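Since the structure comes first, as structure tokens, the remarks are kept for the end.
For reference, chains read A, B, C and D in written order, and residue numbers begin at 1 within each chain.
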Amino acid sequence: MTRAPEAPLLSVEDLHVTYDTPTGLVRAVRGVSFELGREKLGIVGESGSGKSQTGRAILGLTAPGGQVSARRLDFEGTDLLTANHRTMRRIRGAGISMIMQDPKYSLNPVMTVGAQIEEAFRIHSKASKQEARLRTLEMLRTVKIREPERVYKAYPHEVSGGMGQRIMIAMMMIPEPDIIIADEPTSALDVTVQLQVLAVLDDMISERGMGLIFISHDLNLIASFCDRILIMYGGKVMEECTAADLGQAKHPYTRGLLNCLPSLEGGHDELPVLQRDPSWLTSPGVPE
Amino acid sequence: MLAEITLRNWLLAEIPQSKSQARCQRVYISWLAFRRNPVAVIGLLIIASLVAVAALAPWITASDGLELHLSERLQAPGSEHWFGTDELGRDIFDRIIWGSRITLYIVALVSIIVVPIGLLVGTVAGYIGGWVDTVLMRLTDIFLAFPRLILAMALVAALGPGLENAVLAIALTTWSPFARIARAEALTIRNSEFILAAQVQGVSTAGILLRHVTPLCLSSVIVRLTLDMAGIILTAAGLGFLGLGAQPPTPEWGAMISLGRQYLIDQWWVPTVPGIAILVVSLGFNLLGDGLRDVFDPKSGG
Amino acid sequence: MDQSTPGDQQSAGPGLALPSNLLKIVGVFASLALTFIGLTAITFIIGRVMPADPVLAIVGDRASQEVYDQVFLQLGLDKPIYIQYFKYLGQLAEGDLGTSIMTAQPVADDILRFFPATLELATVATLLGIFVGIPMGVVAAVHKGRWPDHIVRVIGLIGYSAPIFWLGMVALLVFYARLDWVAGPGRLDVYYDGIVEPKTGVLMIDAAMSGEWEIFRNAFSHLVLPASILGTFALAYIARMTRSFMLDQLSQEYILTARVKGMPERNVIWGHAFRNVLVQLITIIGLTYASLLEGSVLTETVFSWPGIGQYITNSLFNNDMNAVLGGTIVVGICFVGINLLSDLLYRLVDPRVR
Amino acid sequence: MIDIQSLDVVFGHGRKVFHAVRDVSLHVEQGQSYGLVGESGSGKTTVLRALAGLLGRVARVSGEMQVAQELLQGQSRSQQFRRRVQMVFQDPFGSLHPRHTVDTILSEPARVHRLDRIEQRVVHALEEVGLDASFRFRYPHQISGGQRQRVSIARALITDPEIILLDEPTSALDVSVQAEVLNLLMRLKREHGLTYILVSHNLAVIAHMCESLSVMQNGAVVETMSVQQLRDHSPAMPYTSQLMIASLGYDRAAIDAFEEFG
């Protein structure tokens, strides 16, 4: 497995996302730090762990009412926290892109698939309409869509979930970003389709030497798909390890998550239940 | 002071001890959300004052609004007559106050007719579906496709002018949107798992409609009703203005505008005051409806 | 859920799906026919069944028994009620709406004369609503909770809450009687009457066609006030609906997708969110236009605008039932027709129901 | 205990006809947990709903179904069946009425079946699913997803049923909560001698909970087998093996060998 090279694409240091709600401050992300190179980084956690908020904060797309702060949020030498709108727009799409959970909602229902992919391309290049069309069709072939001409003219509701997610991948890859953030990209799909879509994503990332942040609740999937894993709980990173070493994870939360999964081979015995410890949120690192 | 604190604690307790406490808590929490919305509170105040004024009319007014004082015709607003007098010397302030009763009467009567019919037709159509749905919705569409004011006019033409006929005509043209709303809600509700769960328990269709479906339709129906109140008031006033609603000398606001119309240029207050009264009351209902919608918004939960 | 899969089975794409489309259109027309039958049934009931004595309503109470009997037979009141209804339908199909007592002319001819004035008024008002209301609604949604939103909300609420006839009166008082900025009631000043040949019935078009620019200006000056008053209502409604549709769309996930692509915010709003809103607005605009056609009754009365609303009102006071019901049917048909048109247009524009 | 013979379910008419279940037969012994596994659209949930008599309005159902010697007629069910057979649904947000308190939700089945001592039953059912009395008067939106699913299970227990149909009971839950709910279901089955049919897309959950299972695809049963075969990784049909490989995690090389079944 590859390791992050000397100069990381993205460095995040002490990232916080806080929401001011009528019932008080909600600290969705509290002090997350990591670096991303040309590798597949998995962020795994249960609901409310702050994993999705981390992804959105990087792109500057935190929902209204949310406050983002960090000691460092750097993408290839640009400080994302102080960047102006124009710089951010240039980075979104062409620098960092994102694939969301369900193509049923994340594609515009009244625009054709082709128009939406083309648009993503033309925002960041001066290409002609004709050239954009050719690139789009080529991209549809790259994500292994069999009849690109037909799909080009189709509307989102006319394609299946798996195909919708390939379209999302094509759309987000076409401006050739350096980093893709994939937020539960296959959770709405059946297992076999899920793996086929991931294979497409995997191939493109290794070919182009990009960085991937893969956000998921599925520990098994992340462990088998990514190079490196961050385990998040309550807005904090509990543990960081390489995928290969997950079996030797030390943090009781990680161990608990691993143990409570039913397995094909296991018996009908009681599953070990995860016992949460409030001190995980106050003390840094793996407790002794 | 102490009692207030304990009541508040009881209403906000983490762990409700009884069903009634849980219900009160839900109402109270909605009220807290409602109270934060200044627009809605203004609306509520307007409607509350309307009701108060209508209830206290005999004590607020000096006359019954019908007495003629031909010597005091068309007097300008002043300390004697706050809103002036009309062409027959009647005190406009008193007439406005008594007219509030008519407005409330119209609104209440229309609601009593319209809401149960709309709810019944809508929930039955939406929940049962199939040909029942088709038949009921065709019927609803026919009424929905009708020009409201003109149908009311034609009806009044056939039945003769008068307040009751105007109410009937308005009700006949108002129930259909409620059926539509209730049906739309029932359609989404009927596929939810808690309805399946009730079916699995063996709850009868009537029980499901009454205890499970209707309570969930109610909030959007109430919001729509509040917003529609303004439309009902305006239509009634319009009929009154055309001379097809309440008949003189009834102090109905629309009819008052109609009668005062010829004095607009020189005695502007005669038609203007009832106009403002209509504007304020329908504004009140619109504000309240907007506020209620914010509170009941399904996206905000609760 | 497993049950939701029937749709997936047909996700074959934009292929040849004509028969099912045809079926849908047939369905639309079938429901249209049903609505029409309902509409006529109601006017029939109002006109022939509900009055205590329809004959008396026509001949008046001083007519002799002979005249009475003659009219009784003429109306076919001796026949069963459903036959009477079919006869009524037959007459309608021939465009026969009966004769007006007031004008002593066929009701259909009267309506043809009065209708263009209403059409002119309602069309201008709707256009006002569209071109002012939609941008207002979009701006309000984009600036939700800030001052542009509040201003739009206040304008919308007042447009919604004010009795239109009263607003018209006050406007006449201020802008015509006091300030003299616009012309008064009616469609034209008296001395311009009858100069232009009524080709379309829409005065401004007729005047423009015959090059009478002075008359055009005068007609415009008469139209401004009633159209603005009526337009206030349209504007309020359209702005309010646009705002709420827009807010709904802006919270959708595809908006996030567009932002992730690096799209300028203006394009996100107009290129993505508004496209979806436009689809929904078609229905709203249709509804507004239809309701203005009938809502003009009150405005026409205030502004002495010789349109169909005024025609119906006057007939009503003269007990001219044929004219009232004829007018009601015509407005009803326009209502249904406009709704049908917006429905078809919606099907054409929205790929999901195409 | 449960016997289904050549069940067919068809939705819609004419061109829009959709054959959701084709010729499905299965047999469940008393006290057994039986798994139905498949991808979305495989018809597994529809089988469960047909058995529970929930398809009356929308579908044509044919075939023979028998539950505890009671032959089921069409999609209507006797009150006795309703008492004996209960169901737990997938969505912990959607399966509880948003305007009813936990108390109302739990007492409704008791009232419908005219049971006595309703209050004790409610409190007891809450205890059984590991919730204390403080939950009794709360609304669903005031409690967590796992707690809601416990309330759903408590509702199913109120009438002392013999059979519980479980429709993806843990797929909307976090894995740590899933473990708790699965443990709860196992314990209740032991203590009450319940019979389960468990529908899931997750092979591991089925393997953990059930003794035998049927694999479904496109409305038909592909293969019926014992859980031992699953543990040994020795299914007979290629579709099942592919499903099994896929559920083991991401393996780039294996994916190229995936076939389209259909």
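Note that in this section contacts are C-beta pairs under 8 Å (C-beta built on N, C-alpha and C of every residue); 3 or more make two chains touch, one makes a residue touch a chain.
As the structure is a prediction and not an experimental result, all values here were calculated from the model.
With steps allowed only between chains in touch, the distance from chain A over to chain B comes to 2. Farthest from chain D, judged by the mean position of CA atoms in each chain, is C.
In whole angstrom, the spacing between the mean C-alpha positions of chain C and chain D is 53. The distance from the centre of chain A to the centre of chain D, with each centre set as the mean of the Cα atoms, comes to 32 Å. The distance from the centre of chain B to the centre of chain C, with each centre set as the mean of the Cα atoms, comes to 25 Å.
Among the residues of chain D, those in touch with two or more other chains are 40, 49, 90.
In chain C, the residues that reach two or more other chains under the touch definition are 8. Counting only residues that touch two or more partner chains, chain A has none. By the touch rule above, chain C contacts chain B in their complex via residues 31, 34-35, 38-39, 42-43, 46-47, 50-51, 153, 157-158, 160-167, 169-170, 172-173, 177, 290-291, 293-295, 297-298, 301, 309, 312-313, 316-317, 321, 324-325, 327-328, 331-332, 335-336, 339. Remark: chain A residues 59, 61, 85, 89-94, 97-98, 100, 102, 105-112, 119-120, 123-124, 150-151, 153-155, 157-160, 168, 171-172, 175 touch chain C in the complex.
Listing the residues of chain C that touch chain A in their complex gives 8, 11-14, 252-254, 256-265, 271-272, 275-276, 279, 349-352.
By the touch rule above, chain D contacts chain A in their complex via residues 39-40, 145, 174-176, 178-180, 182-183, 186, 201, 203-205, 207-209, 230-231, 233, 242-244, 246-252, 255-256, 258. Within the complex formed with chain B, the chain D residues making contact are 49, 52-54, 57, 77, 79, 82-83, 85-87, 89-91, 94-99, 101, 103-104, 108-109, 112-113, 134, 137-139, 141, 152, 155, 159.
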